[in-house]
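The first chain written gets the first letter, and so on, giving A, B, C, D, E and F; residue counts start at 1 in each chain.
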Amino acid sequence: MFNPRDIIEVLAANVRQTKSPFGIPKYMVNTWFKDLRLPKEGEYLLFTGLMYQFSPFIETATQYLEKYEDTETAGYLKYAKWVPGYISGIGLAMMTKRKEKRKAGQLLKNIAYLLHKSKVNFGYRPDLDNYSGILLYDMGDQKGFVAHAKKVAQKLKNAGIKKIITIDPHTAYALKELFPKYTGISFDVKPYFELLNFEPKDCGLEVTLHDPCFFGRYLKASDITRKQLANMGISVTNIRNQGEFTSCCGGPAESISPSLSNEILEKRVKELGEPGKPIIAYCPICLGNLKKSNADVEDLSTLLARHA
Amino acid sequence: MSEKNQNVGVYICYCGGNISDHVDVEEVRNRVEKMPGVALARTEMFMCSDPGQEMIIEDLKSGKIDRVVVASCAPSLHETTFRDAINRAGSNPFIYEHANIREQVSWVHHGDTATDKASVLIASATAKAKQLKPLDPIRVEAKKHTTIIGGGIAGIKAALDIAQTGIDVTLVEKSPILGGQLNNLDRLAPSGEKASEVLQELLDQVLNHKGITIHTDCKIQDVTGYVGNFSLDIVTKSDNKKLTIDTGAIVMATGSVSYMPFEGEYGFGRHEQVITLKDLIPILKENKSAGSVLKVNGKTIKNMVMIHCVGSRQIPGIHQPKENGQLNEYCSRTCCAAMLNVSNQIRENFPETGIYEMYRDIRTYGRGQEELYNQASKNKVIFMRYEADAQPEIIPSPKPDYPLQVKIKDSLTFNEEMEIPADLVVLATGIEPDDVSGLASMLKLPIGTDKFLLEVHPKLRPVEFPITGVFLAGTCQAPMDTGEACNAAGAAAVKASALLSKGYIELDPFVAEVDTDKCQGHGACVEACLKEGALELIEVNIEGKIHKKARVTAALCLGCGACAAVCPEKAIDINGWALKQYEDMVDAIVSDGFTV
Amino acid sequence: MINKDKEAKKTAMKELRGLRKSLIASASSTMKIQKKDIAAIKAFLKGGAATIPEIAAGIDMPTDKALWYMATLKKYGQIVEVQKEGAFFKYTLSEQEKNYEKAEA
Amino acid sequence: MNSVNLDFAEELKEYSDDTAFECFNCGTCAAICPLVHDNFPRRMIRYIQVGAKEKILENSDELWRCLHCGLCTHTCPREADPGEIILGLKRFVLANWRKS
Amino acid sequence: MIPTDIFNFDTLVVGGGIAGLQTALDLGDQGYKVAVVEKDASIGGKMIRLSKVFPTLDCASCITTPKMSAVAHHENITLFTYCELNSLDYDGSGEFQGMKALITQKPRYVDPVKCIGCRQCEYVCPVHIPDMEQGGLSATKAISIPFSNAIPQLPIMDIENCMLCGQCEKACPTNAIDYLQKPEEFLIASKTAVVTTGFDLLPVKDNTQYGNGKIPNVIDSLQMERLLAPHGPYNRVLRPSDGMEPDSIAYVQCAGSRDKSMGVSYCSRVCCMYAIKQAMLLSGSLPLADITIYYMDIRAFGKGYEQFYQNAKAMGIEFIKAKVARIDRGENGSAQVRYELQDGSGTATANHDLVVLSMGMVPGWNPEQPVCPVSKDTDQFITSIKPKISPVLTDMDGLFVAGAAAGPKDIVDTITESGSAAMEAAKFMSKSLMEN
Amino acid sequence: MSPQAKKEQNKILILATETCAYPGADSVGQAHSTYPANTYILRVRAPVLFPESFYIDCFKKGISGIIVMSCGEECPYEGAYKALAKRLDSVYKKMKKMEIDIKRLRLTAICTVCNRAFLNEVKQMDQLIREIGPPQLMV
């Protein structure tokens, strides 16, 4: 296990310097929208929080960290914070495969497509789409989080944004629960799948849904995804640990202890695998982590886009 | 028993196949018909049906029979049905005997053996029936008056309940005032009513009720009599005035006292800062001081420790018994909620006074009590848990800012030894029954090993004593809170009211009866009798000679038959269940029905 | 008069059967399965006393279901519990049932 | 032997709601936690209750093994919100580190 | 529709469990005319379904049956079993001013006058259904008398599972089968009413932590009562998954009680004692089995209870202070419980052949407008307006409550409270008598 | 009386208390559990009624075995059970003197639903008297 103190300081410094926990400049990460002609204005603002975009980089970072966990080198990590964030971040970016990056981008494109097909009036502003700071909050760096969140929220407020569509559970939680509490700025926040509206059809599929902790438990949104799937004729097999009782995939532990993360992942995959159906995730961290297990996993947006 | 031949009518039921599938009912009838003493034997598809019952009534009315045997299902199902039918025929219902040929024959035996056994059982029932005689319920005149002993909350409530149904009540209290333990309490857990207001609400009604006479400052000197007709001699303590109360029933509501810690128990008596919860409550009641910190005897209480289970849940070999050897192994039931209630009051009124509660198990079992516990947690009362064999230790504090330090091996903190500084240590002392041994021996009331008065059965007869007409309510029975004591009082009151409402009491006719001709006055029966006062030897003048004869007080007789077993002359027997009857039944069984 | 009552009852019963059609169908299919299951258990027990796991394995039935039938057949006197083997009890056909079987044959 | 610290709760207030006192130490959170099997998070909560600040700082690395999955909070019989308590402790410990 | 049948009584007792029976007896003995309305096919309530009762360990049936039969034979008491209470309210409009209860007699499809309780119908019925009187652990027939000592001894036909095959009709010796029976409504007018509607257990299926009732050999405490009862489904204690005699049995206390996350924040009051009692009975019938009780606080508060608890400890029953956090399917039919070791040595899992959940108690009846306007407390049990002076008083004049309808309660406290309710009802009636 | 009626020589007399054992025997009937038919159950209020001579006389009359089924300590008659137990002790003494096998007399507690215990008692007594036959004390 890495010394948490070192990790937090690295992340905090990165966010401070680059607005990104991994020190990767936004222009290098957020590219998915470029060949789409998305409107800038709309009733809703699509706010990705960059979580999906980060996921391939996190994977690379984890592979890197895994090698050094519990070795002497682990101790050197603390020097990382003296290296300007963007340098290490660019390094990370270079190490990450292009194919993985493209895949992550495709998920976002799918979501834009789904919203569009559901006739949701939304716009996208890359300048307003920033990392929410949630990792700092989770790590206990309250000051760092609040400072960052205030900047992000203020920017949105200044742009006159009131309604926001989020994609991943962490960003959704940050915007819905934490921003009002710590920045004093509130928005009407909805996860994208709440706004989808398709003609009912019968796909005749069966899947197992992995509810992320934040959607399942904190935001109690797992019924909405089930309703959407039911509408498509996709039935969800019930497992014991779902909805408010969902189990962690182990993803968030990656940065602190990759081996612990793997241990939890193994347990969760066993639970999800029991019905023997394809596993559907709807959180970039869960998706990335579950994929490590060789299980048949895909993102909710991919499934929906294929059948919508 | 008269020797004249009785005419027994025997009625055998087919039970729609239930019996007749296994028992050859007609064959049984043939055999029974020939038995001596049997006037007639009939069969019917359903004896319990109207035509079946009518048949019996007809035969009785026409005078063909004067004893009835029905052979059918278990007596628990239809004994009363047939007794009622006989009653309707104008006959005495006790000339009836039941033969159980379904549950104990056709449902458990098959073929010829079933038929044979049914015949024998009927023969035996017939043998008994021939010995039956008409019986009348025993009626005892009863005074429509109840005496309540003890003027605490249970006594007051019972008095009021009984009086409101129209029965006169006398309430006897040993102290000069009514109210008992409620006088020592402040806010009642869990709902926080003021004890004084609860008490006053009842007192107002009791004092104004015309049917209730109150004697305070009184002692009971003697009790005589039996149900419906008790007599109590009481005397006032201050001026020695004597008084006799004639009463139909008695309710024991003698209440309880608080456990007194021995010197040194948790530092009690050695450190002035160690007090009992009972001592703390009046301090809180009077403590009107504003400010955010509790003051006791002028001293600021920054932090206090409350210790549960003092004088309760004691374990032999671990706890120290009292001088009389008594160990309170029971739970005092009320202290957990009372402690939490006080803790909440203190934390809410004096937020700068910290509280540590040390417990073995938190027993907030009652309605609203768990909420009290939760509230205490919300109020930041800190709980620590000790095992019975590792009690907290109170020592003088090594630090100057607190007088005491409490050491505890806290199982909630992973069995670590903890030290808590304290300005005050409060002991939750348990409930002990008030000493009523004198009264109990006067009334022959049983006392349990826990020294509380002992009811007949906690579920069948929870507010009754084996002595008919004497009831119990409240904390003389076991620890209970105000609401529970009032419930117990209501339950005792309803029993007393039901008993006395008619002005007389009907008792079972199945009591012992002495054949005075046969009785030689040996007195063996009196010795064997299980119920004091039910049997006695009296002297009778027969033709100028004094003879000793046994006499039964029917109102006290249990009807167990212990007397019948020991009489060398067979001069005493139980009506309806006589030994002689059983002997005849056995004869019928051994002879397979021939000697009936 | 009696005939008239009989007719009326017949019509009412017919109506009732119509009304409860789906319930009756599901009850009879349940009954058929039960009959088969019970017959299988009894047939197996003709080969001698057996424990629940043995019966279940022998007739390919889940153990909990086998126990459920066993408890029921025991209650209605068709099966009796005999000796214990390890942590399990053995069950066999009751005398009554054996006689009945004989009579059938 | 541990002396209780009566003032720690006050110190912690800055970082966390004081729901720790609502905990009645049933241990559900510790047994349900999928990540840490060492009496965590109850150990931390109990340390808050008895004011064992040093113990918390000594064992602080454990806090970051919590992923904030929320299962403890979801199953807490008293609704003491262990998940948030741990988050609060992270803040407290981090602030302590940064101070030193 | 206004029912034409109106029955007049002094008191209506709603619920024929031990509380209702005791209330009825205490009123009947004083000469009041009492109606007892029971929703089940037999009176006796939960108590008649129990094995033995604490702390005396006498058999529940032996205590309940005499009270049941006393009520059934009482000249002042009338039983209405298998009846649904549709509404209960004070009615001051007409000539009669008092409680009016609208009741539906549910059809048994058996003529109660003709039936002699011979059970021939049950023997011939070809359809087996789970016997809920036995916790579903064995079967009964689609027409059956609910249990051996039921009062009245009348069978009930379960039309959901009846094929209308006519076999019962043929077998009945008294032509009591009536397939065409219809529900019948009637009114009971009474001066007072006592609600003794008792409790239910929280359903295991709603409890995810303990497996939603899907883990084999995890049963609730009432099912365990049946396993221990002399007339139980197996006549001995076996685990339901495969009939094995369990070697290790665990009790999970506060399953749903004292637990806001599971829906009941209050203490269910009786679970500690019945778990200890069952543990004692088990160690009697399975002397070699290991028995463990996982608990938070042992609440042995009543007369003789603490001594009972200490005896259980001395008998070798293991008490572990821990709240079980979750139960999982274990190996070979066992169930695995997970709990914290409170001494600080981490967490543990333990495998048991049989796990009994001491599920929390919830009200057996939910009076809601317009059925009955009596108030409920936050705990959903009927509010007691004078919890100190008389816990049986509700906010409706003339309507009283007793037993578990006024909060979880053991049998001893229930019987006492029932006496108290009978007293209040009697006082209410004699008061109005004097006023008139 | 048909000739086949008198064929059972080994009779068991059961004294069953009205509140416990007698309904217990009924409960066995409700369960349709069979037991030997040579059992004759007498409903009694409290067996303390029977003097020592009653038991001896029964044996003299030809009863092979007697089972006293009481309520045990839960007897509704306070103190009766103790007196009964004492009574039976002296009956045993007399039986020994008269060389009657004391196993012919059993005291047991049977509750209203003690089916298994009831059946056991009857079975054991039946086995016993089948082994040793009726008492040879005929007067």
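One rule holds in what follows: a contact is a pair of C-beta atoms (placed from the backbone, for glycine too) under 8 Å apart; a residue touches a chain by one contact, two chains touch by 3 or more.
None of these values were measured; they are calculated from a predicted model.
Peer 1: By the touch rule set out at the top, what is the minimum number of steps from chain A to chain B?
Peer 2: Between chain A and chain B, the shortest chain-hopping route counts 2.
Peer 1: Among the other chains, which touch chain D and chain E together?
Peer 2: A, B
Peer 1: Measuring from the mean of all protein Cα atoms shown, which chain centre lies nearest?
Peer 2: That would be chain E.
Peer 1: What chain is the most remote from chain A, judged by the mean position of CA atoms in each chain?
Peer 2: In terms of C-alpha centroids, the chain at the greatest distance from chain A is F.
Peer 1: By CA centroid distance, what chain is farthest from chain D?
Peer 2: With centres defined by C-alpha atoms, farthest from chain D sits F.
Peer 1: Averaging over Cα atoms per chain, report the distance between chain A and chain D in Å.
Peer 2: Centre-to-centre distance between chain A and chain D: 27 Å.
Peer 1: Which whole number of Å gives the spacing of the CA centres of chain C and chain F?
Peer 2: It comes to 38 Å between the two C-alpha centres.
Peer 1: Calculate how many whole Å lie between the centre of chain A and the centre of chain F, each centre taken as the average of the chain's C-alpha atoms.
Peer 2: 81
Peer 1: Hey, what residues on chain E touch two or more of the other chains?
Peer 2: 58, 66, 209, 235, 258, 342, 344
Peer 1: Can you pull out the residues of chain B that are in contact with at least two other chains?
Peer 2: 76, 362, 374, 412, 414, 416
Peer 1: Can you tell me which residues of chain C touch two or more of the remaining chains?
Peer 2: As it turns out, chain C has no residue touching two or more other chains.
Peer 1: Please categorise the chain-chain contact pattern as a line, ring, star, complete graph or other.
Peer 2: other
Peer 1: Pairwise, which chains touch?
Peer 2: Applying the touch rule to all chain pairs gives A-D, A-E, B-D, B-E, B-F, C-E, D-E, E-F.
Peer 1: Please name which positions on chain D make contact with chain E in the complex.
Peer 2: Its residues touching chain E are 24-33, 37-39, 42-43, 74-79.
Peer 1: Looking at the complex, which residues from chain B come into contact with chain D?
Peer 2: Touching chain D: residues 303, 354, 356, 362, 373-374, 377-378, 380-383, 385, 407, 410, 412-414, 416-421 of chain B.
Peer 1: List the residues on chain F that touch chain B in their complex, please.
Peer 2: Its residues touching chain B are 1-2, 4-8, 11, 13, 23, 25-26, 28-30, 32-35, 37, 40-46, 48-51, 54, 57-58, 61-63, 77-80, 83, 87.
Peer 1: What residues of chain E sit close enough to touch chain F in their complex?
Peer 2: 58-59, 61-62, 65-66, 148-149, 229-231, 235
Peer 1: Within their complex, state which residues of chain E touch chain A.
Peer 2: 208-209, 211-212, 214
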